[in-house]
Amino acid sequence: MDILLSPQLLAAALITGVLYALISLGLNLIYGTMRLLNVAHGDLVMIGAYVAFMAFSLFNVGPLISMFAAAIICGGLGWLAYRSVLQNLLANSEILARLEENSLLLFFGISVVVQNLVTLFFTADRQGYEYLSAIVEIADVRLTGARLAVLVVGSVISIVAVLYLRFSLFGLAMNALIQNRDASAVVGINVDRVQMYSLVIGFGITGLAGALISVLEPITPVMGFPYTMSAFVVIILGGLGNLWGGFLAGLLLGFLEIFGVAVTGPEWRSVLVYGIFIGILIFRPQGLLGHGRIAR
Amino acid sequence: MLKRLLTASLALVGMFGLLGPAHAADPVKIGFSIPKTGLFAPAGPSQLNAYLVWQKMVNDKGGLDIGGKGRRKIEFVQYDDKSDPARAVKIYEKLITSDKVDLVMAPWGTPHHFAIAPVVERHKFPLIGNTAASVALRKVKPGYLWFTTPMMPDNLAKEMTAMLKSRSVKSVAIMYNLLPFASENIQFLMPALAKAGIKVLFEAKYPPDIKDMTGMLTKVKAKNPDAVLVYSYPGDSILYMNQAREVGINAKTQYVMVGPAIGFFRGMFKGNLDGIVTMAAWTPGMKNTTGSQEFYNAYKKMFKGHEPDYLDSVEVFVSSQILEQAIAKVGLDREKIRQAVNTMTFDTVYGKIKFDGVQNSITPAGFAQIQKGKIEVVWPKQRATSSVVDKGAWAK
Amino acid sequence: MSNSFKFICIAAVIIIPGSLSGFASEYMLGIGFTLFMYIALAQSWIILSGMTGYISLGHVVFFGSGAYVFVLIWGLVPVWLGVALSGLVVGFGAIIIGYPVLRVRGPYFVILSFGLAELVKNLVLINEARMYVSLRPVFGAPPLAQLYIAMLVLAVGATVLTFWIRRSRFGAGLRSIREDEWAAETIGVPVARLKLMAFALSGVVPAMVGAIFIMRSGIFQPGDAFNPIVSFTIVTMVIIGGSDDAPGPLLGVAFLVILQELLWANWPEIYMIILGALLIGFVLFAPGGIFSWLSKNISRGNKNAA
């Protein structure tokens, strides 16, 4: 069992965990502030990955720069989605009564549209490019430059984002909205604006994560779906709407997956992930780190 | 809607036209299904592109030679099967009974071939399969379906063991994806290795959605096997390529099943692919083959410098060549084509091919290795364009 | 709108294509098969999700499990007994897993149902690998005409079942769960038992559909049999059709299957885009679906006439 002490494994767990944390952050933000279940979330990862791929193949610009473009484009999509559709959705009492279910269907529709538009433009062919492929050695850990970059950039961005959303004025307003929607409107928080920014930030961060992921796996129009699933597992684990919990849960899932698999055998990976997920839903729906209050 | 009605009425008129003798200039209608959406969509272009290249090459020559009685151009009727075998069944029924195509060509992947077998059987439409490989295919009733692939898992196991022995490999580590083709390979590989006295130091299977291999690879490294065999698909092949380098897997023989033969993959890894062995039996410069360089050039020209997939695209082109040559011999009579496919020997980019029952009885299963950025066939020896070399240190 | 009108609706959609089976082309039979398959699936979805409000995004779990049970016993028992057994086994399975699963409510249930399907898919994958089975072709299945009739029977059966439940005490109980589960419990509705029964019932039909479907596709693969797209398609059809009653899904299914046949041939991506756009449109502008939109407009028309 000395494999469990391997620093290489620790690094792998951190990379996986940080990506999960980063990707689930946006999903959590959007659920927390608006109670929208965004099943198109992984498609933002996909869009971010295509942005990075295009930037690299057309202008020879690496993902560490194009990730900001991906963030801006996806954030812009968030703005567009809010102004064109979601704003009305959140104002319609008939829909509001079953908001989770309706938003889920709505985003499923959006997901189908987005995936097929991308297929029309780029074909379904896999894409990929070479970037920072040299090995970097730090202490006993050896990582490709790209994975190291993902680890560093992913950690920095997710920590900055979590801290910002916890301590800034906007973050406070947003947390108030997550805690209690009606009361926050009464105390003078501009609910509309907070919602829109949540969407823009949530989409933007996810697009950025997609640009990072573009160096790790083949880019296809259907690559986002597994990330939607992982992000849901994470935010359930951390408690719906609990940003800090979600961040820790992302790391936790990364560790569970990497170390759990090292102990049980890789064929159990998905069973492990979904098993934990279902166990949590049944026995602790407020999340591992929640306090008995169901955030809805 | 109006356009559909128009097409429909035109088709009706066309059917009456068929009552008379077919006009020599009428194109030959060939139908097939392609996964354009769904799970296998990323794999679809390897097949579709090869069909399109073949169509262009034939039409540029003036069309298919119809049994020596003049040429007719090829027209494709293709539908998206959404990666769903049941939909492929429906498509072939539609192609045959409603679109009235002259001939059909293969769908993508093993399950789809199983699915449509009863349809082509029932309607007596000969179909040369490609992109399908499983020993279970041999259980398909011989008649109207043939399988071009040399990559049957039992033959692969045999050749793999022989190659390992030729390299004096004494011990291996094996990792494989749970998807059907990979696990079927292992089913045959294990006894073959045991018989050859090659020790399996490590064996692990993993689900298709695996996101990290560090744990497995750390264990593999600790065992220090002579060879590492990874029965993987493109997504997990990428994981292996990245993380084997990180962990520092330095075995002299490393096999990565599906991926290295596909263009995008080589773009991603470039020099680091040198020395990796993969599943493929073709390279453009191969001797004793027919049309290899022409196919390669036509493909690159048609798809803006992209290379064909050395595995799937090539196999698809082989099946097209077989159909083309059968038609050149006997014309478009489907029963005669069936007999021709059963008895003729074909000249293809894989070399000579003859069918025994449902399977290609000449082309052996084989492997290729990336050497200095080029794909060289290295096994079996009688087909090799180069010999297997030790995988050197990973490029930096 | 009167019940009899609904009946006519149902009868028309089912019997007309049914009677065609004798002389229709193979291609038409194929379309009919798909149509009935989704009618059966959508109706069974209504029993649980439409009536109780426990929206399931993992309905494919029953479909896939049924298919798996069926291929496991393929060749060991007569074909149609195998289909029935698949339904029974999955129904029992549903009762066992239903107890813990149905404690989870609201959006949590939605996500759970989805995860459950993925979990079962992966368990099946592992089990197949343990048995060293990689492909399960189904050779020698009955011809399409027979499968078509079988699917027709299932579709009619599921429609009648849903129609009947909707009008029974059982159905009233289920709908009280949807309106307010806590309140229903306090006034003495046996909530847990009703939910469990609905869960099991809504599992039996898709299991049998899955078994028949495997004979049509000729091969079992976990990835296909548990494809989440099936679940999403079912939900989309019901939403577009609308209502928690039997006629809604009929309209939704018919609409989508026909649209698919019209567009899929040449514009697969465009079809998917239209499908997505329709779903968005219905959620936003006609949450009641085609059926409630129709009923509203028809009753308004009647009033105007009077």
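Just so it is clear, A, B and C label the chains in written order, and each chain counts residues from 1 on its own.
The rule we apply is simple: contacts are C-beta pairs under 8 Å (C-beta built on N, C-alpha and C of every residue); 3 or more make two chains touch, one makes a residue touch a chain.
Only a predicted model underlies this, so the values are computations on that prediction, with no experimental measurement involved.
In terms of inter-chain touching, the protein chains here all touch one another pairwise. Taking the mean Cα position of each chain as its centre, B sits at the greatest distance from chain C. Distance between chain centres (mean CA atoms), chain A to chain B: 36 Å.
Once the centre of each chain is set as its mean CA position, chain A and chain C turn out to be 31 Å apart. Chain contacts: chain B has residues 36-39, 178, 205, 207 touching two or more partner chains.
Contacts with at least two other chains are made by residues 116, 119, 267, 270 of chain A. Residue positions of chain C with contacts to 2 or more other chains are 122, 126, 129, 269, 272.
The part of chain A that touches chain C in the complex is made up of residues 35, 37, 85, 88-89, 92, 94-95, 98, 100-102, 104-106, 108-113, 115-117, 119-120, 229, 232-233, 236, 240, 267-268, 270-271, 274-275, 277-278, 281-282, 285, 296. Those residues of chain C whose C-beta lies close enough to touch chain B in the complex are 25-27, 30-31, 34, 122, 125-126, 128-129, 132, 134-135, 137, 139, 141, 213, 216-219, 221, 223-224, 227, 229, 262, 264-266, 268-269, 272.
For chain B in complex with chain C, the touching residues are 4, 36-39, 79-80, 82, 84-86, 89-90, 93-94, 97-98, 110-111, 114-118, 134, 136, 139, 178-181, 183-184, 187, 205, 207-208.
Residues 53, 55, 57, 100-101, 103-104, 106-108, 110-112, 114-116, 118-119, 122-123, 126, 129, 232, 235-236, 239, 269-270, 272-273, 275-280, 283-284, 287 of chain C are the ones touching chain A in the complex. Note for the complex: chain B touches chain A at residues 36-39, 41-42, 44-45, 175, 178, 204-207, 209-216, 218-219, 222, 234-235, 238-239, 242-243, 245-248, 262, 264-265, 267-270, 272, 394, 396.
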